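In what comes next, subunit A is part of two complexes: it sits with subunit B in the first one and with subunit C in the second one.
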Partner chain A sequence: MDIEKYRKMFLSEAGEHLEKMAEQLVAVEADPQNSDGIDALFREAHSIKGMAATMGYDATARVSHRLEDELQNCREQGEVDSEMIDRLLTGVDLLESLLEDISEGRAERSVDDFINGVMLVEELEPIPEEDSCDLAGEGVLVRLRLADSVAAPGPRLLVLLTRMAEFGTVLEAKPSEEQLLQGEISRILLVRLATEASQEEIRQRLQCYRELNAIEFPVAVLEKDQQRKVSRKSGTTVRVDTDLLDRFINLTGELLTNRYQLQSAAGERNWREMNEGLSQLARLVKNLHHQVLQVRMMPLESITGRLPRAVRDLCRSSGKEVEFSVEGASIELDRAILEELADPLTHMIRNAIDHGIEQTGSVQIKSWRERDQVLIQVADDGRGIDPEKVRKRAIERNLISPAQAQVMRDYDVLQLICQPGFSTAEQVTETSGRGVGMDVVKTSVEKLGGVLLIDSTPGEGTRISLKLPLSVAIIRVLMIECAGCLLGIPITRVLQTVEISPKEVQTSGKQLVISLHGELLPLLSLRKILRQPKGPASNLLSLVVTEVFGRKVGLVIDRLVGQQEVFVQPLPSPFDRLRGNSGGAILGDGRILFLIDLQSMLEKRRTKGS
Partner chain B sequence: MSQLLPFNLGLEIYALELADVQEVVEHQAVFPLPGVATTISGAIGFHGRIVPVVDLPLLLGFDAGPRSDRMIVLTDVHGPVALSIDRLQRIITLDLAHCTLSQSESEEDCIRGVIDRDGEMISLLDLEQLRLVLDRVCSETGG
Partner chain C sequence: MAKQVMIVDDALFMRSMLRDIFEAAGWQVVAEAENGQQAVELFAQHQPDLVTMDIVMPEMSGLDAMQKILSDYPEAKVVMCSALGQESMVMEAIKAGAKDFIVKPFQDEQVIDVVDRVCAA
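Presenting the complex of A and B:
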């Protein structure tokens, strides 16, 4: 039996049940007599218990069983009081930590305190890292944990260490034999063993030692770190609708038929058949592509699901009353985008509650689709942001000159909040009232090819809008040419394209500018940014109006080529680290287009140039 | 016995073990990458994938200049990455165990050792060192 496969399935399913529980709990807290809600909670706890018991995760099963009991009591009483909500949430958190233990291959942590009802919310702490294994090298790692009841752990470990030597050669042990002889006390023994014995054999032969709580085979740190990186990067499993799978099978069948059709047409040199086959192939591939993308799509819900709980906790700690709602949670986005969006979204909600809402108010997430983009809005009805304060602060921080501050529109001033260096945590609360890490939020959104805009009216509230592409893999780009390179800029980053006569260019100080819609627009030369020689003089300048570091600029390029949807591939490592290059795409005619990320290119120059 | 793919860089002969080579491509259009170091001459489309091209002679301190029409694409373990070279030679088979494989002194030259093949010196390219050099180029590279 492939335990590993079942373990992953268990983790993914249990995780989903937990998320639903957290969501339900917050709903039940708002409406304590909601018997449907209590029933739903009971069912979720019950599912987790069943799965954990089947998999042999005893602690997880015990905690969920306990939650089930508590919920049964609530059912009988017909309501859940707030004390019980806290207790249930603590249980959910504990279960989450247990799942983490299981996913990291550790033994489940002790749950006795919770079962006995003594654990407080604050007590949940991650297992310290030193507990993880740091003996790296050849051989098998074996970790033995003594039960808490063992009276003299040191000598017991010494016995076990000797016993381990019977399996082969002990290459390293922590604590070592010397340390144990000198009276070092530990309940965990970690041994690196050169042995022919399989893990099963070792386990079986050690099982007779009753004082052992757990026998584990941890992975060496290096490997483990990598595993962790991978699992954090993308959820390990995806659930796919069986309908979709059926469609895949059908498509595969059609592709097979098509292949034979083409093969025979090629054999007979029948061009008409060949052309027909090819156009059918084109249709099939397009369809397949569409379906594959469907698999990658997930509803926004998958990341907003946790937010009600976060809002509840924030309200608890700040003593504020916030009504939280999500509209359009069923809007689907590529999972890669959603994963990157989870933290920024939480951040914006936290900002809204910490700095926007004064005592009571509402925070709302709204999402909808506009052609091939998704819009997400985070709005609060709090105190809003005073542009004058932002102006003042931006001048203090040397982000803009006093002269610039005078001519900038309020709306543009607000965007300065996202500039790196605008605010630091300790200053934010007393001044402009917002902005902890808004630069980080904006950067993550832009990395995904999106745009972030802030709008606020003092006294009425703040609205942050995100414009995101549906998918990171396939995006619409503006194709441009510069110094012989074919380049692409994600269309979401383009505000406008214009062609002007060189006569329209003026100077303002050292800066070349043009006047566009009554505004002075600074010009940047892409050739200069790419350190290419100047291009030939032309009587028409092509400009792409875009935003860098929160400011509108006109990027001078050689030629506008057009727009196209492209399939973006990242460059292989280490070339993916070349700053300013966010991947490339092979076009239908075999040409390669590179995507440029203007902001990080300029960042590179900034740091280098200074 | 090992199979080696020898090639010229300037006047010197280098070689790769055949096991590290994925394919030798010919007459491939190289598309310049915007704003990167000159040692990375661009990228080619390789079976639907984008594979960066490294100007190996330039990277190892030889003169700049036009390179061979042929490029060596290393296996995915090493990238994938395509190497521009000056001239490709025929595959040779030799027993590495019986060759004098003198160790290279420098850690920067990307040479694992030098084989004396009947008086002809062949430098065996060290792909791990090459990777480190490329790592550095890519994290430093400016426009």
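Presenting the complex of A and C:
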């Protein structure tokens, strides 16, 4: 069996089972005699055990087996006491770490303590990767893992090491030949080879060694973070509904027919037929686009599933009582967005419990769809945020001037919480307030093309709303023109577009402002930001109202062109390093539309200026 | 043409068991030797495709016999037969040029797996 091929599948499935276990555990804790819950837990543990054993992941199999046994006891007793809940949670955590080991290609960590009933109080530190120091360097790295049933691992590794030398020169081996001869026992052999042979060749020629559990080619990347990111990205698999696949096949078939229709129409120069074919094509492509997006969609549930557990842990450590609920968990979003959203969401929940809720209260996540956007709201009924305190702090931190503070509306003041360096938490608590604040959350949301807004009433609670696009790849943009360039701004970032007469422009200090809906709006010139010469005087100014660093501004542009859905692609290196540019899209007529990100554009200017 | 093997072991029981395994898998057993000295002589006579070599034997040990064979026929393919607990000797043999090894007690498929891949290499 080619274990490697099944590994990803195993990881994704086992991960899902674990998530369900964590969810069920919280439900069972609330209702210890919930026999359906206990049964479900038992089944999940059982599934993991079966898969892990098949794959030869012994530690994982042992832990899940133990959980299964313990759940069987609970089943017979008809309830799960709180001590057992802790024990089961520890087991689930351990399994999670084991999956991580497997996913990163490490040997599974020791599980003896757990099996022997020792409670693991602290979160398990990941064991140092046995070969981390060896990863960087020249040559091909090959890691061979022996099956546990191999009788004489030492001689077996020596044979394999000798065999590896046939592919080229062994630059380094762990354990080395000497270490093996001295009796060092290992079931893993890591070899760095200088070889002409491809990974596939090596794999194929080693395939005949049934003693091998896995043949792996660890990737050497210098930056650990990067490595983690890459492995996480490449490790993601999607399970697709067969119905959806059928629809793809049907669409492909229709596209083929359409192609012949167009071909024959072109041959006959039959314009009527041609037009019909083209409108047919437009319909098919739109349909296909829609279906492809479906594949990328996942329910919000996939990231909120873990939250009840986090809330439970937080309540335990803070001694607060919090009722947590999620509404609209079935709303679907692009998986890329969900992945980025998981941490910010957890952070917001932590904030709510840590700073919002006083002793008892409720925290609620609500989600719903509004046209092509998804709204997610995190609300608590805690002490709320006092805008006066925020004003004071913002002035202290030089985020706004006392004069600005006076004219700013409470609502706008609240948004200042998301400014870097702002924190109202008087003392640093264990959970939140460790330097990572709302600014990080807001930045993540904005990176996804979303918007974050805070609303709060002192004494009644706080509500944070996220507005997110459904998909990151295909988004609706506002196209604008500036100094002869066509540029795009994600529509989610646009609050409003207006055209005003130059006469409406006033000055406030050095700043040009206009009054819009009774609010003073500072004006920024895109030409100036892009260091383009001033445009010709015009009797109409086009403005895009957007938000920068939590404040509304009016961006002066040459002309509003229109809206369009575009497929955004990241720019290739080195253009991806241009700040202020968040990607490009090819328009129907072949022109390239660059997407601008005003905030990062201004950040660059800010740092340059200082 | 069937592959030819020579079985070297001081125990008749082991030799006949191996013979059965090889013959069932379509190999031709061209010679059996019960000690190292005999193994060296019979190898020169038959030059089989493969030799299974017990390690602990009277007269001349399997290790010495293999080294003698390899010095005359560097291309010879020798697979060591060992019992559990002889790891260090097996490793010495591998270092000296043995292609692979099998551990007693063995199963039929294991033996054939090992010798097949040694011959294929």
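Details
In the analysis below, the second predicted complex is superposed on the first by the 475 of 610 C-alpha atoms of A that agree within 3 Å, B and C clash if a C-alpha of one lies under 4 Å from a C-alpha of the other, contacts with A are read in each partner's own complex, and residues count from 1 in each chain.
What we mean here is this: a residue touches a chain if its C-beta (ideal position, glycine included) is under 8 Å from a C-beta of that chain, and two chains touch if they have at least 3 such contacts.
All values derive from a computational prediction rather than experimental measurement.
By the document's definition of touching, of the two partners only subunit B reaches A:M601; subunit C does not.
Touch criterion met: A:R577 reaches subunit B, while subunit C stays clear of it.
In the superposition on chain A, A:C485 contacts subunit B only, with no contact to subunit C. Of the two partner chains placed by superposition, A:F248 touches none, neither subunit B nor subunit C. In the overlay built on the shared chain, the residue A:T162 is in contact with subunit C alone; subunit B does not reach it.
When the shared chain is aligned, subunit B comes close enough to touch A:G590, but subunit C does not. Within subunit A, no residue touches subunit B in one complex and subunit C in the other.
Partner subunit B is touched in their complex by these residues of subunit A: 482-487, 529-531, 569, 571-575, 577-581, 583-586, 590-592, 594, 596, 601, 604-605, 608. Within the complex formed with subunit A, the residues of subunit B that make contact are 29, 31-36, 40, 43-45, 48-52, 79-81, 131, 134-135, 138-139, 141-143.
Contact residues on subunit A toward subunit C in their complex (touch as defined above): 151-152, 154-155, 158-159, 162-163, 166, 177, 180-181, 183, 208-210. Taken together, the subunit C residues at the contact with subunit A in this complex read 82, 84, 87-88, 90-92, 94-95, 99-101, 103, 113, 116-117, 120-121.
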